[in-house]
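Before we start, here is the structure in question, set down as C-alpha cells.
When the chains are written out, they are named A, B, C, D, E and F in that same order, and each has its own residue count from 1.
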Amino acid sequence: MRILIVNPNSDLEMTAAIQESAVAFVGDRFEVVTLATPDAPRFLETYEDDVKSGPGMLEILREHESAFDAFVIACHSDTNLHAARELTTKPVIGIGEASMKLASFLGHNFAIVTTHQHSIPGKVVQIRAYHLQDLLVSIRAPEEGEEGWEDADLFMELSRRAVQEDGAEVIVLGCAGMAGMDRRIQDALGVPVLDGVVCALILASGFAHYGVGTSKVLGYNPDY
Amino acid sequence: MRILIVNPNSDLEMTAAIQESAVAFVGDRFEVVTLATPDAPRFLETYEDDVKSGPGMLEILREHESAFDAFVIACHSDTNLHAARELTTKPVIGIGEASMKLASFLGHNFAIVTTHQHSIPGKVVQIRAYHLQDLLVSIRAPEEGEEGWEDADLFMELSRRAVQEDGAEVIVLGCAGMAGMDRRIQDALGVPVLDGVVCALILASGFAHYGVGTSKVLGYNPDY
Amino acid sequence: MRILIVNPNSDLEMTAAIQESAVAFVGDRFEVVTLATPDAPRFLETYEDDVKSGPGMLEILREHESAFDAFVIACHSDTNLHAARELTTKPVIGIGEASMKLASFLGHNFAIVTTHQHSIPGKVVQIRAYHLQDLLVSIRAPEEGEEGWEDADLFMELSRRAVQEDGAEVIVLGCAGMAGMDRRIQDALGVPVLDGVVCALILASGFAHYGVGTSKVLGYNPDY
Amino acid sequence: MRILIVNPNSDLEMTAAIQESAVAFVGDRFEVVTLATPDAPRFLETYEDDVKSGPGMLEILREHESAFDAFVIACHSDTNLHAARELTTKPVIGIGEASMKLASFLGHNFAIVTTHQHSIPGKVVQIRAYHLQDLLVSIRAPEEGEEGWEDADLFMELSRRAVQEDGAEVIVLGCAGMAGMDRRIQDALGVPVLDGVVCALILASGFAHYGVGTSKVLGYNPDY
Amino acid sequence: MRILIVNPNSDLEMTAAIQESAVAFVGDRFEVVTLATPDAPRFLETYEDDVKSGPGMLEILREHESAFDAFVIACHSDTNLHAARELTTKPVIGIGEASMKLASFLGHNFAIVTTHQHSIPGKVVQIRAYHLQDLLVSIRAPEEGEEGWEDADLFMELSRRAVQEDGAEVIVLGCAGMAGMDRRIQDALGVPVLDGVVCALILASGFAHYGVGTSKVLGYNPDY
Amino acid sequence: MRILIVNPNSDLEMTAAIQESAVAFVGDRFEVVTLATPDAPRFLETYEDDVKSGPGMLEILREHESAFDAFVIACHSDTNLHAARELTTKPVIGIGEASMKLASFLGHNFAIVTTHQHSIPGKVVQIRAYHLQDLLVSIRAPEEGEEGWEDADLFMELSRRAVQEDGAEVIVLGCAGMAGMDRRIQDALGVPVLDGVVCALILASGFAHYGVGTSKVLGYNPDY
C-alpha cells in the first residue's frame, strides 16, 4: 500500500519534516511519500494562500492518483479538501479534521495549540464545520510578546495552560509545522498529544485496507 | 458610488444577465459593473471549478479594488469569499449568504430552489456555516426525469412545492443563473422570492454608504 | 421612498437623536421620519416596558402604514417585532436583528456593547432566537462602579476590551440611545462599529426598492 | 396554598373549562383560581393578540400578587411570560414551556397537536427558545379540508398520526382550549398525553411548596 | 400516594440524609421511602461505580415496582436512568435532569456547584444530553487546595462565585450528598438554590397525581 | 500488536462472526481476539441488557488489560464505553462511535441501517451525544410487516432506500450482527458501507501504533 501526503505549501524543509514524522509512524507497514506543491506559497498563512495553493494541489493529485491508495492533505486548515475528494474514488483525509475527530476518542474534550492569534477566527469556523465546537475547550496561541519564544518552549507552555487552566484532556497540534513535537509534550504533560499527519495516516491507511473510499453517489461526483 | 459584481465563472451570457438584473434593481441610484472571470470554468458546478475560479477572481478584485466602493461575489455558493475579504478593507458580499440571511427578515423560514440534486450536500454544508439550518425548510431541486423541463416552468413548480408542501414562507433562488425569475414567481405564488444579486447589492451599497467595511483587526488581515 | 422609524419609547430627545443619526446616513436618497410612542414608558428597561409599549407601537404603525414603504423598530431588543410584521405586507426591520446579522458580513464574529449588566440575560435569549450565539464573542456592559462614567468614555473602553481582550472583529452598539457613537469608536479602534438604526435602514430601504416585504403565506398572516 | 391561573384571553367559556380541568387535577390538595383577562381579545390567534393581552395580564397579576403563592399563564404560546416573571418573586409558569419540558421526562421525544397550520412557524420559534427542537418529532395541525371536523375526532386523528407515522412517544396538546381531551386520547392510543395547565400546576405548586421562586439577582429584577 | 427514592449507592448515612430532606419537603402530602442499593459502591465517583450500581438498582425497582406510584433516582448523574424507565409504566425521574430543567423556569440561566473538578467533563456530557448547554453559565468545583475546606463554607463560596463572577441566576446543587444545603445558600445569596431530590419529587408526585407515566409505545418498551 | 474485541453479549455465534470479519480485515498485520461476555444476555436489545452486560465486560477488560494494546467494544450502542475507558490508559473504541465518525470522512452525510424501529429513539440519543445529528440523513429500520424478510434482502433494501430516497452518501451498519454484509451492499449500491468492527479496528490499531491512549488527566481517571 502506498499513501501520498500532499503538503499544500512549497516549503521543502517542512515537506521533509512531515515525511520524517510520517515514516517514524509508518515504519515498514506501508509506503508513504510526501510532495510539496511547487507553485504554492512557501507557507499558507492567509485565505489567499489557500486559493493560490489549490490548482497545484489538484494537479499533483491528478498526476499521482493512480499510483497511490489514499491521500492526505497536510495542512491543519484542510485546504481545498472538498475539491481533492472530488478527483478520486479513493480516501482523501485532511490532517485538521483527522486530528480533531480522533481526539474525541481519547478524552471528553480537546484543546488546539496553534501558531498565531490571527488564525483563531478561521479555526473556529473550521471547527464548527466539523460539528466539534462542543468538544473544544480552548484554542491557545502565543499571547502578545510571546511570539519570539523558542518554538519548543512556546508550544509546551501553551499546552500546559490548556491542560491546567482550561481543563483540556487531549492536545491537538494545530499546524503541520509542529510535526515531531507531539511525543515530547505528551511525555512532559501526561496527556495524549495528536499530530495531524499521523492521525490522517491512521485513517487513510485504514480505509485503503478496508477497501472503502470517497462516496461518488451525489455531492462528490463531478460527473453527476 | 460604484459597486463591482464579480461573476466567478467565464460565461458572458450569464454575466450580462446578472448585470441586467442588477441594473434593473439599482436604476440610477449608483453605478454597478459586472465582470466575468476570464480564466474560470464556463460554469461552476464542482468543487474543482471553485478552485479553478479562485486565482482569476482575486486578480480581478486586486486590479479593480481602488476603483470601486464595494464588491459582490455572484455565485450562490459564495466561492472564495473569505479570500476576497482579505484583499480589501471595503465590504465584500456573497450572494448566497446575502440572500439566505435577508430571507430571515421577511418570514419565519425559507426554502431554496436550485438546479441539481447533486449540489444539495454542499449547499447543506454552506447553510450550516451560516448557522441558518434551523430556518431552512427544504432545498428543492428537480427530481429524476424533471431535468428536461423548461427552466421557467421548473423553478415555478419547485417553488410551489416548497410553499404548499414544505410550509416555506420565503423562496431563495439558489443560483445566479436564475436572475430575473424572482418577480414572476413572487407574483404567481404570493411569497417573497429573493435573487441573491439584488440582496448582495442591498448590503454592499448600504455598507458603502455607511462607511464600514471588512474588519482588519484579526482574521481577515493578511499582514497581521 | 419614505421609511418610518418607530421609537418604542416616549423620550423625545432620544427620538430626535435617532432621527438625526438616520438623516446623517440617508442624506437625500430617501425620506425618513422618526416617531416616538406617546403612551410608552420614557425608556424601555424591563420586560414590562416592552409590554406597555406594544399597543401604542401598533397604533402608530396602523395609522401610518399606507404612507410609508418600510418600517424600522428602533429598540435593540426588537420590541414587539413579530406583531409589527403581522400588520403590513411591507418590510419591518428591528435594529437588534439588523445590526447583529449585518455584523456577520464584516468579520468572523462580533461583540455587543450595552448599557447595563441587567440586560445581558435577555440579550442572550434574543441572540439565540436569531441563531447568532456562535458568532458572539462577548457582551460588554459596565462593571460595578463604572456606571457613573461619562458615556462616551465608557462605551469606548468597553469596545476596546471587546477587541483586545475578547478577540472581537466587529462591535455592535446594543442600544438605540448610543446613536452617533459608532464613528468615533470605529475611528479610535480601527474596527467596524455598527449602529442598529443605520443597519435597519439599509435593509428596509433595500427591500422597499426591491419590492419585497413580509411573507403573508403562513405565520405572519393575521387572517389566515 | 393558592395558585392563580391567568387565562390571557377574555373568553369565559374557555376560562371555565381551564378551571374545571385544573380542579379535576388539583382536587382538594390546594386551591386554584382561573381568571380571564377582561380587555384581552376573545381568543389569542395572532401576535397582535398577544400584545393586546399584555397590559391586562400584568394588571391582574399585580392586583392579585400578594394573595397567591404561584402563577400559571394559560396560553400555550406562553404569552408575555418574561414580563410576568418580572412582577413577582414567586414562580410564574407558562403552560407551553411546562408541557414540552415535562414531556421530555416521559419519552425520548414528543409531538405537538395544535389547531391551525398558521400557528406552526411561531410554535417552531417558541420550541427553539426552549432548546427543545431536538426532541420534537412533529407538529400536527389539521390539513386543508380537515378544519371542519369535530374537534374530538380531529385531535384524536392528529395524535394517532404523530404516534404511528412520526414515531412520537409523548403527545403535547398545543392549546389551552384542548383542556380535558388528554385522558381520552391517552386511553385510546396508549401514550402519555399532556395538557399544559396540569403540567404548569405541577411545577407551580411544587415550587411554592419548596419555597423557591423567580430569581431576582439579574435579568428578572426590574429595579436592578 | 407513595414514592420510592432509589439511592444508587450503598451509603446509609447519605440515604438517611436524602430521606430527611425528602420528608422535610413532602410533609404529610404523600409517603416517601428512600432505599440504598446494597451491592453498590459506597459512593458513586467513577463510571465504573455507575456500572456496578446498575444490577442492584434494577433489582430494587423490580421488587418494589407494584408498591409505589413513582420513582426517583437520587444521583445527580442520573445513573442508569434509561434502564430504570424501561422497567415500569410509572414515572421515573433522575435528580440531575429534574434539577437542571426546573432551574430553567426560575431564571434565564443556571450554574452547577459540585464536589470535584474530576466530575466536570462527565457533567458536561450529561448537560448536553439534556440540551441544556446554552443555559449553563458555569460548573463550579473546588479549585486546587480548596478541597479540604469545610463543606458548608466551600459550597457557599462556590455558589457566591457563580452568582457574582459568572452571572448565574439559579444555583443547582450537583450532588445528592448536598441535600439540606439549599436553604442556607439561598438565604445567604438571595438566589434560588435547587436540590435535585426535591425537584424530582415535584415531578414524580405531579405525574403520579396526573396519571401519566413512561411511554411504552417505542423506545422504552422492552417487549416491543 | 494485539487487539481485544469485547462482544458485550454472550452469543457465541455472533462472537465468531465478529472475529471472522475482524480477521478478514486485519489479515496478518496484527493479532485480534474476540471474546463474548459470559454472564451477559444473549443479545443486547434493551437498556436493561446494557446494564446486565456491564459488570462482565469490565471483568473481561480488567483480566486481559495487560495482554492487549487496545480494545474494541463490539456493540453499535457503545455499551458501557465510558466505564471501559476508565479501566486502562490504552485506547478503547466503540464500534458505533467509530463507524459514524469515520463515515464523515467519506461523504457529506450518512444513513444508518438497523434491525428494529424500537431502537431508533435510543440511536438518536446516541448520535446527538457524538454531535453527529447534522450529518444523519435517516435511520432506516424494517417497516411493519417487513420484519420477516430474509436479513440479507432486508438490509440491502433498507440501504437502497437510504441512498435513493433519503440522499445518503454513506451507509453505516447499525448492529454488530450485520458483520460481513458491508461488501455485498457496497458492491450492489456503489456507496461506501461501513461495518463498525472494522472502523473500530482502524482506530484502535492506529492509536496503538502511535502510542497514544485514553487521557487520564481528568474525567477518565478513576483515582483523580
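The definition used in the following text is that a residue touches a chain if its C-beta (ideal position, glycine included) is under 8 Å from a C-beta of that chain, and two chains touch if they have at least 3 such contacts.
All values derive from a computational prediction rather than experimental measurement.
For the pairs B-C and B-D, the larger set of C-beta contacts lies at B-C. Between chain A and chain F, the centres computed from C-alpha atoms are 26 Å apart. Centre to centre, using the average C-alpha position, chain C and chain E are separated by 42 Å.
Mean C-alpha position of chain A lies 31 Å from that of chain B. The set of chain A residues touching two or more other chains comprises 107-108, 117, 120-122, 125, 128, 134, 167, 169, 218-220.
Because contacts link the chains in a way that matches no line, ring, star or complete pattern, their graph is best described as other. Taken together, the chains touch in the following pairs: A-B, A-C, A-E, A-F, B-C, B-D, B-F, C-D, C-E, D-E, D-F, E-F. By the touch criterion stated above, chain C contacts chain B in their complex at residues 25, 29, 91, 93, 97-98, 101-102, 104-108, 130-132, 134-135, 163, 167-170, 183, 186, 189-194, 198-199, 201-203, 205-207, 209-220. Considering their complex, residues 107-109, 134, 167, 169 of chain E touch chain C. Interface of chain A with chain B (complex): residues 45-48, 50-52, 54-55, 58, 80, 82-83, 85-87, 116-122, 125, 128-129, 218-222, 224. Residue ranges of chain C in contact with chain E, taken from their complex: 117, 120-122, 124-125, 128, 133.
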